[in-house]
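A, B, C and D label the chains in the order they appear, each numbered from 1.
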């Protein structure tokens, strides 16, 4: 059996940071999604939920795979140049990034999925920034961040009621 | 092999109408979702896409099952009184209605899923009306209508580009 | 906010029992799915995982809704007689039962989904019995039992490695 | 709007061939899945369904992305070395490959999903070969082939009844 020696949580946080995303950025998206349902909700509580989501193995695998794809596209090392072109231009009918994000959302139930769809349209804070950054390929990252926020929002909804 | 004698498309349209939903209502939701991406998009084109979605067998099964559940809840004939209570109060953590709606959206890819999440939050036109109608149990119906609109919007996006 | 006074776990166990399914039946399916991967796996360990799955709110909602649908079909109280005919003959292209089962599996990741597909084909033990019982409508129940077993198998796989 | 000049269908067939998979290999998996339900089913009919699946844009995107990931892993050019290790050892709890395969199956409904789960366990013909090939990284490819076969089997089931 494979031995994963490196702490996957730490690697995911580092990968996110290296691409310009802090856990606080994600927590702020959660706050935006949930504040109308919870009086006095703080960003610390949201951050706590984000951390719980980040400790799940399937979530970690999606983060590492998706960000590796974005970086491989930037470095022009993917076999299919068509996919590189599609990814680098953020072609609106490319949906593999959302499919991968659902791999996170599905683990947190239907509330996570609807929140993801909403956040994907309104693109709050960090997600808008990632989208507007034309120097980087953030095709997978912006959906991953949206999925992490949606998953954390679903956790919050389920645990607080 | 079972012989489905009645035309399922007709039955679905009748069921929707009997619950206060016209195909034009759904087409108007599609128009709202897609008009910013298509100049000169008409409600007739949207209606055409809604009709295509309604001709798919798996879609028809979801419509007939979901509306039957809503009506059974109203009539107080479901075995589990807990589920009737949950459905009639539209309990926010009940997600089986969304799960069933994904049975429609998934057939139309990731664009349908994100559109569903968005429409589920902003509740345009007919969906808001269904939600506000306190005399009926529309727990499954409002999500079905949202899913039909999201699926039609995805068809439009894929076919026009 | 709605107050769920009755213990939902107890209600689900009672509903399953009333339809001829014990938690031990489900645990035996889990054992079948996982014994080749775990030496000395016992049915008690499998039962423990089934119990964990049954404590999740979204799982409970699917069980209560699905079994209520089966019983409503038997009692001939569903609005759509077409759906009753489809359900009572267990029409092979009807897929709403599987869609609802995915509402359970998705919460436990991709291992749960592949196990569900496998169990749905080989129909071990209790699932074959439910399928062969022509006096009852078990359209939703057999998929729910398969999903519970698949979810518990996924929990076991993730926790033991 | 991006202009996809190269024919995506052709690129997908070439990519599959370059990794040792012919469309006939996939058609044979379909035949295996469906022959008990259709008397006199031929491999030509199965091949026809596989071709229909391969003409869908979302399917093409998954094929090109997944195979590009496999090749990037072989070439050791992915950013996350942990993911490369996980992929190259085909770690059983890694599920992103299945998540991506569901992006194909979901488009063809619940029959495709259950067939995928089954084929993923029994690993017929080409899928077993891909799994046993230790010189290549086929982590994504084997699930993509299974998903293509499952999707084609679902098309066959829906169209022939």
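Operating definition for what follows: contacts are C-beta pairs under 8 Å (C-beta built on N, C-alpha and C of every residue); 3 or more make two chains touch, one makes a residue touch a chain.
As the structure is a computational prediction, the values presented were derived from the model and not from experiment.
Visitor: Is the C-beta contact count larger for A-C or for B-C?
Guide: By the number of C-beta pairs in contact, the winner is B-C.
Visitor: Once you find the CA centre of chain B and the CA centre of chain C, what distance in Å lies between them?
Guide: Centre-to-centre distance between chain B and chain C: 26 Å.
Visitor: Mind checking the centre-to-centre distance between chain A and chain C? Centres are C-alpha means, answer in whole Å.
Guide: Chain centroid spacing, chain A to chain C, equals 31 Å.
Visitor: Residues of chain D touching 2+ other chains?
Guide: Within chain D, the residues that touch at least two other chains are 57-58, 93, 95, 99, 102-103, 109-110, 158, 161.
Visitor: Touch graph across the chains, line, ring, star, complete or other?
Guide: complete
Visitor: In their shared complex, at which residues does chain B touch chain C?
Guide: Interface residues on the chain B side: 2, 4, 6, 8, 11, 15, 57-58, 61-62, 64-65, 67-69, 71-72, 75, 77-80, 82-83, 85-86, 89, 91, 93-96, 99-100, 102-103.
Visitor: Using the touch definition from the top, list the residues of chain A that touch chain B in their complex.
Guide: Touch list, chain A to chain B: 92-93, 95, 98-99, 102, 109-111, 113-118, 120-122, 157-158, 161.
Visitor: What does chain D use to touch chain B in their complex?
Guide: Residues 1, 57-58, 103, 106-110, 158, 161 of chain D touch chain B in their complex.
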